[in-house]
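Before anything else, here's the structure in question.
Order of writing sets the labels: A, B and C. Residues in every chain begin at 1.
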Amino acid sequence: MPKLRGHAWAIAVLLAAFALAPSFYGNHSVLFSMAAFVALAEGLNVLYGFTGYLPFGYVGFFGTGAYGASLAILAGTPPLLALLVGAAASVVLAALLTPLLRLSGAYFSIASLATAEAMRLIVSNPALTPLTKGPYGLNLQAAFHPHQSYWAMLVILALTLALVSYLRLSPFGLALQAVREDPVSAAMAGVPVVYARSAAWLLSAAVAGSVGGAFAWHLSVFYPQTVFSLSTSIFAIVFTLFGGAATLLGPATGAVLLYALYTAVGLSAPQYFQLIYGLLIVGLVLFLPYGLTSLLQRRGIHVP
Amino acid sequence: MCPEPLLEVRALSKSFGGLQALGGVNLSLAEGEILGLVGPNGSGKTTLINAVSGLLRPDKGEIRFGGRSLLGLHPHQRVHLGISRTFQSPKPFAGLSTLQNLEVAWRFGSGRRGPPPQEVLAALGLEKLARRDAASLNSAQQKKLDLARALATGPKLLLVDELGAGLNAAELSEMADFLGALAVQGVALLVVEHLLGFLDRLTKRLIVLNAGREIFEGDLQAAAQDPQVVAVFLGEGGA
Amino acid sequence: MFLLEYAVLAGILYGLYFSLIGIGLNLTFGVLKIVNLAHGDFLMLGGFLAYFLYSALGLSPLWAVPINLVLFVALGGLLYALLIPRLRQSRDPEMASFILFFGLSQAIEALAILAFGNNQRSLPAAAIGPGTISLFGQVFPLSWAAAGAAGLLSVLLLYLYLYHTRLGQATRAVMASREEAVASGLSVGRISALAFGIGLALAAIAGVFAPYLLGGISPNMGVAVTTTSFTVIVIGALGNPVGTVVGGLIYGLALMLMETYASSWATLLPYLLLVITLLIWPSGLLGRRLRSA
């Protein structure tokens, strides 16, 4: 139970920081994006950290959630309910894509990337303009409400952190890690391998979908390439790797530190960040493959 | 009158491409019984275990357990029915502690009805390693952990694939006593082993496989007299 | 009917070119068992070299072919020495190298944007030679034929290298089993470094024709090109460089038919084909089954 207390504290501190920050720091959209990236990194962690599947196309769920929620809002659904629609849209997409889990390693990653690109091309196809507004993007200004969408984002973040905590502390989380290490032995330990993996996959998609929905609501005007941008996947992956996958604090720490750095140096030249993050990935793989938290874990310290 | 055996394998066949790994194997095993399975390398012993545990689908034949057919059941469902196995080269769950390895098997394999993880660890002399990362165990310890994982699922039938390889004489004798005690508690054991002395301590009932076919059934002494068995093993030594 | 003939012939030319795009990736995969996710970015770099040869020095872009060959074999050797030995020590080298090359691809893309600006460049048709060429009564730009010929030639040369030279035979031995190749005393490191370099060079050479067949070169084209290459080799045969041609031709034909009959959806093709092929034949039409679930 001391572990549970550690997790509860960690979550409480993080949420309190995000709840209080708007009173001290004026740029709320930066705070919103940071919270969104913490949640996205944790959502990626649900899949990558606990099952070993690295979805390069994670942004596909983010974008699908954004479009699902926005189209629902445009159809007159109250925004909070629309976020659920966004999450549901992503879960449906993930369910359709469960056969991808038959692929392993690099094959899965590339296939997932391909599906995200395909989603972007489908959504932005001029032929679908009546449905998705094609390349022209969506405009939700009638529902624009930065305050509410910020709080909605924090609720999503809280649920996501609770989910990762659950995986970190529960037998189900252990079973997922067993499957990650060796699916055959895991099956022989009685773990329903396919079911366990699929559950992690759907949960991870639900996180990205609801974050995408909240993001679209907060932004209120966006284009297909805004919400299906590969760099969103890259950010989530870098944050997770940097902090340390399969922990609660790793991805969150990675997201907060690196996103703060990203904002501090300035958004004017995104290429510098692409360069830094690219090199950071290379460096991490070569020198710190298990992230910051592994520095503590190696000394026998339990990291929530 | 005779009660139905716990495990019944009939006319089991499996080919990989052109290679027949199993060519119509029959065997049956009752509760608390130990059956030794020997044969040269590549004779199909592991393939038989894979078929019973559900890791591969046989081409033909039937496997019945406790009176029901196992056809179409997933590996984990067979574990839930009480079939467990060890691996020739075990792969423990790295990143999880030894104890957590067993917790997974205990909760998911037996629904917490099997022997508690701490007890299994103690029974196999692994209790000092409970908190160690399973990946850091040496190979003899990994073999024991693999057996412990199988036991934590609370099996009625345990399929043991070359547990002896890599254990020293003292460990072997300990292991033989341990498996014998399991059988006394009613667990049925199918033991694949190259070390005949080890098998001899466990059971009088042996099946010899060669190229996927059963060529002998009986006790070790009789097997040593059987010209076909002798030819197969001498042939292997000479090859 | 006329349209169909055109689409089929164009599909074959494009198919040969797509073989060239994919073949280097397949060679690297076969020898090193890693997916070079920066493959498309090396193609982009090779394309820029051709572009600057023409626009700054007035030279034919075709000069970039030999220059790329030398330059990128050398670059490959260097990258190999820097990265691969350390990667091999990690717990899951396949996944580690995959992530690493993903990072490298991002870094190259960013550097290219900083150096060349974030816009598309193209070359005038005349740069590669004047006029058009007529094949079976259909008229195509000369550059298409040149790209098709380059594709065909590269596959043939790679085939000759792999099957009729000693170094190539050693390379195939490494492809078949790294362990056995080490055991039989081959200098596996050097052979792999060379194969990696050749893989990059083939990508860079394909880049020379990108202004014509891929509609231009831009720093951010890497991801799409890598996906296309991967699709081509997955349709063909993973780890069997010569089998790439099958994938290239199927892909080229499918693309041209789509462009002819359903053009607004043609960009979707590589992604759909990739996912479908991976799910149905995880190691390609000609490949042995590499992995089971």
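Side notes on the structure shown:
Keep in mind that, in the parts below, a residue touches a chain if its C-beta (ideal position, glycine included) is under 8 Å from a C-beta of that chain, and two chains touch if they have at least 3 such contacts.
Small disclaimer: the values here were computed from a predicted structure and weren't measured.
Within the contact network of the assembly, the step distance from chain B to chain C comes to 2. Comparing chain C-alpha centroids with the centroid of the full set of protein C-alpha atoms picks out A as the closest.
Which two chains touch most often is answered by the contact tally, and the pair is A-C. With each centre defined as the average position of its C-alpha atoms, the distance from chain B to chain C rounds to 48 Å. Chain A and chain C have Cα centroids lying 32 Å from one another. Separating the CA-averaged centres of chain A and chain B is a span of 43 Å.
Counting partner chains per residue, chain B shows two or more touched chains at residues 94. For chain C, residues that reach two or more other chains under the stated contact definition are 91.
Within the complex formed with chain A, the residues of chain C that make contact are 35, 83, 86-87, 90-92, 94-100, 102-111, 113-114, 118, 223-224, 227, 230-231, 264-265, 267-268, 270-272, 274-275, 278-279, 282, 291, 293.
Note for the complex: chain A touches chain C at residues 52, 54, 56, 99-100, 102-107, 109-111, 113-115, 117-118, 121-122, 125-127, 183, 230, 234, 237, 241, 271-275, 277-282, 284-286, 289.
If you check the complex, the residues on chain B that touch chain A are 53-55, 74-76, 79-80, 84-85, 87, 90-96, 100-101, 103-105, 107-110, 146, 149-150, 152-153. Remark: chain A residues 171, 174-175, 177-178, 181-182, 184-194, 246 touch chain B in the complex.
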